[in-house]
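Heads up, there are several structures right after this.
Shared between the two complexes below is subunit A, which has subunit B as its partner in the first and subunit C in the second.
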Partner chain A sequence: MSSNTSRRRWPLLLPPLLWQLTFFLLPLLFLFVISFWSVVNFRLEPDMTLKNWDFMLSRSSFWSAYGHTWALALGAAVVTTCCSFPAACSLAFTVSERTRKLALMFLVVPFFTSYLVRVYSWQAFLSDNGIVNALLSLVGLDGLPMLNSDFGSLVGYVTLALPLVTLVQTMGLAQIDRNLIEAAHNLRAGPVRTLFEVIMPLAKPSLVVGALFAFILAFGDFVAPTYLGGGAPPTLSNLIIDTTKSGQQWPRAAVVAIVMILTLVVTSLAAVRLAYGRRK
Partner chain B sequence: MMLRLGRWFGWAYTGYTFLFILAPIAASLVFSFNADRFPSLPLKGFTMEWYGGTFTDPLVIEAFQRSVMVSIPVALLSTILGFCAAYCDFRFDFRGKSLFSLLMLLPPTIPSVIMGLGMLSYLSRMSLAGEVWAVLISHVVIALPFAMAMIRLRLAQMDSALEEASWNLRASPAQTLWHVVLPFCKQSLVAAFLITAAVSFDEFAVAWFVSGLNETVPVRVLVFLQGQVSPVINAIGTAVFTSSILLVAVGMAFSGMGKAKRAAADTPAQPPCGVLVSNNGLSL
Partner chain C sequence: MSEALVEIDRVAKRFGDYTAVTETSFGIGQGEFLAIMGSSGCGKTTMLRMLAGLEEPSAGEIRLEGRSQKGLPPWRRDLPLVWQSLALFPFLSVLDNVGFGLKMRGVAKVERDRRSLAWLHKLELGEFASRNVMQLSGGQRQRVALARALVTEPKVLLLDEPLSALDAHLSVRMQALLRSLQRELGITFVYVTHSQTEAFSMADRVVIMSRGKVEQIGSPQAIYRHPANRFVAEFIGNVTILRGSVAEVGEQAVRLNTATGAMSVSRGNFAGSHGAPADFYVNADQIAIGDEPRHENHVRARFLSHKFIGNMVTLFLEVPGIEDDLKVILPERTYDCLGMQPGDSVVASWPAAAAHFFGGAA
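This part shows the complex of A and B:
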């Protein structure tokens, strides 16, 4: 029987496995390999050198880009989580099943629009003579510089992550047993206490996972920091693009990519541990 | 009273959240018809100039053709491979299965700049970088997890006795797969096809790295974005958005017809939107 199922398994298992091994895992491993190669006359030459690592990691500009990217991604995670939580609560607890489904459908709509187009559209809102400043001047307020700043980048990150984070949070919150909330109410816990001591601990996995998604999306995004954040100071993804496209220095870009992957792996493991690890 | 106030506040807030999400989409729709080159208020009047400019630009037309030519095979391949992976995850137990599923579902969590660089350096060693093939290959890698997650969710609704009954009736495993499992998954297969096509049609970063001179639509948009202010972006964005939504509506109507037919057979039919929504939670 077992040899029978294993014989049946291979024709279905092999195609996707081989595909993802050949075209997903190997390219990522290859990045690690070429980080030790050198560039001779604009051509990649197999080598075994640490000079790319040394070149990137010894520069203060690399580390300031690293710090900037990390801070922006963390900011995006916090802002997106906080912005979406009230909406997710509202959708999970105070509307009918039907309305919730409709709302979740609307959250999927951005999936069908180009992120590039949405970022371009935000430029029209945030620029100095843009829509937001026009509205501000209508009520007699001075215009604010918003484009080409970290604020601009954050708007882009939130645009990217908010629908997904709201979906994750709403689904997490909707799964909470209503009896527990009723019980808290019967035991005379006020709404604030119920929120912090019953709902949030129960929804912790979805809150943390949502924040992690926002972090990952923001950490790797190059569109918002370039076209809303002004590109300076650069983020790590800007650094990869500049190093690859204008410098032809693929090995150095590979170093940046590996540092990014390691950061994301460590962050994800920490987040998963925070979300699920300490649950009794 | 307090509670009702809180409830109203929550609804108002949720409304603003949706406004934030939909505002850039709506603005790009409005500005795509605005006579002013620069997207600002007040509006200057109605024009079709940007659409005209878009659909007579040979670069844009070529990019459209290329995007369609890439996204259809990508959708087909990722749906087939995604089904295989989802069925293996559903049906078989084997050593390293969780590692297998992780490998299948991981690509969307890798920043696309990194995927782009990895694909560029790897595929250029195979002399594929700069070819349409490179875009196709990378997009299947990225889209496969979405197909797998959607089909896996559908399989989870299948009564495993269904397959056993089929085997007892002397259908071979292959026949069972073809006559029982595939029809059961039909809606999710259609939905997976449409979504993976949309993923491919929308992907710009990896495509930008590996496509060379073979620009797809989003790569062209990125090039426009790098240039000066260009209302053409709004026209392209609106056109692509409208056609994606139409495609999804067609997909929903299609699976809705399946639902009506199967209602008698008491199959818990799932609307494609349900699939999408749950997919977003699961896949990443």
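This part shows the complex of A and C:
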């Protein structure tokens, strides 16, 4: 009977399958195919050549952009995780469930404004004559160069990822069995030791998944590194823009994109393994 | 109770408008097995949580070895708790779960593993030391929780309905284990339960609570024989409560007029006067059944039904003029010899010594 019902239900699976096919698998396939095409007189021509792959992967500028992107994304994951955690802890443990739900709703509000607008407004704070430096000079400190640096990029990434990461962490922390926290107290673990010995291990999946989200968002983002990081040294997203703008090199850009996708797939698998890996 | 290890001194707990525990005082002795019993919401768990420091009393104070525990956070107290949900750490091995309390006390790993392992062996869990706690059965996890609480050698162990998740067979075995452990270690157990069987079979003294109030504290025998009030009598359920008016107060016994005739009740320290209404109870296992009265108090009754509990039988008899059924407990063999059928008319009789006033017996 169960096989009968599943047979009758399978048409219901069609829409999601169709969606995946249309908006994910086919474009991905197209991207893959394009990476073997060539560009003749600024026009794409179907081809079966490895020269785009060879051109990109043999350049040290590609690999330094790759390393830079990786380092920035990792930095974004770490910084965002650290910035979110105190907020998530207080939302999960110190407020009522009602307040928590309200607060989580407000976490979504930043998504109502364009990310680009939020990044632009950071320029007013971070530029050499910006608000932060003005405040610093008020207390007699020298101004700091913040715009057009990795610091600027990181600020943008955190702006992008912080609400989502806080959401993920809060939901993870709120699920922790309070008995386990009380049990730790009962066995003489004070608040700080309880945090490190009990809460963090229990929250590990949400911490890792949150960090992974931050990593993915930062790894592919081009707004922050362009408008706050100054585009130099370039990230992979900067590289894609440059490649497509200069001479319509879509096949080379496709190579970069595929390398990025592969990187994120491997990173995600590793993160999921770390988050949900079973003990022996 | 000046020698008490734990003193609960006029302790009360309110949550907003709700009173979880009304002002209560009692002591718990060194090496005593104390059970706190009552139905859910009676305040027994709140009492235990106050002892552990997980709740702060709204009034009064708790003293451990004469030292006030007021304002002392749970992590500065030495009162490990065995949780109803066990609250084992799912991310730690069995060994590390047991060693957690030692680790928090700064005991080095080698020493902590040695002591944890010793406890695991003692509770027949040695072979599971490196397993994840989630891979163990309910009974095994129960013993891990016990080892985790006992490994630090506390003076008092708190237990919150630790056996409620186990099946009956396992529960009985764990009861025996707990009792023998407690005797062997000589430490104080404070055991919260809703189960009369668990409380009465293990505890030296039982505290019966209802709606945040302590109804009676005493040994299982004392509570069983002499319930302090109507609540305890009905909760324990081994007596029938009758009502009469005082006719004559004698040296040993009090004569009362009841709906079913005159009856004698042990006087105890009864202080009522002539003509006053009084409730008394009759112990179910001291009533004789037959065709003829064998004791001075007797009623004619109709046999309604029976129920087996172990090798004892509880009979329910209908007595004209009495609202509740008269409860009689007989050994199963005695019941067999009587050869009664439901609907049969019998004579139930009991001596004055089987009937008491509430709170009357010292």
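Convention: the second predicted complex is superposed on the first by the 260 of 280 C-alpha atoms of A that agree within 3 Å, B and C clash if a C-alpha of one lies under 4 Å from a C-alpha of the other, contacts with A are read in each partner's own complex, and residues count from 1 in each chain.
Note that a contact is a pair of C-beta atoms (placed from the backbone, for glycine too) under 8 Å apart; a residue touches a chain by one contact, two chains touch by 3 or more.
Since this is a predicted model, take the numbers as computed values, not measurements.
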Fit or clash between subunit C and subunit B when superposed on subunit A: fit
Residue contacts with subunit A in the superposition, subunit B compared against subunit C: B
Partner chain in contact with A:P86 - subunit B first, subunit C second, else both or neither: first
Partner chain in contact with A:L202 - subunit B first, subunit C second, else both or neither: second
Touching partner for A:R193 - first (subunit B), second (subunit C), both, neither: second
Touching partner for A:E182 - first (subunit B), second (subunit C), both, neither: second
First (subunit B), second (subunit C), both or neither touched by A:F42: neither
Smallest distance from any CA atom of subunit C to any CA atom of subunit B, in Å, after fitting: 10
On subunit A, the residue positions that both subunit B and subunit C contact, one per complex: 191
Complex contact set, residues of subunit A against subunit B: 5-6, 8-9, 12-13, 15-17, 19-21, 23-28, 30-31, 34, 44, 83-84, 86-87, 89-91, 94-95, 101, 103-125, 127, 129-131, 134, 158-159, 162-164, 166-168, 171, 191, 213, 216, 219-222, 227, 237, 240-241, 244, 250, 253-254, 257, 260-261, 264, 268
Residue ranges of subunit B in contact with subunit A within the complex: 2-3, 6-7, 10-11, 13-14, 17-18, 20-25, 27-28, 31, 39-41, 80-82, 84-85, 87-88, 92, 94, 100, 103-104, 106-107, 109-115, 117-123, 125, 137-138, 140-141, 144, 148, 173, 198, 202, 204-205, 209, 218, 221-222, 225, 233-234, 236-237, 240-241, 244-245, 248, 273-274, 276-278, 280-281, 284
Of all residues in subunit C, those that touch subunit A in their complex: 52-54, 73-76, 78-81, 83, 85, 87, 89-93, 100-101, 103-105, 130, 132, 148, 152
Residue ranges of subunit A in contact with subunit C within the complex: 177, 179-180, 182-191, 193-194, 197-198, 201-202, 204, 279-280
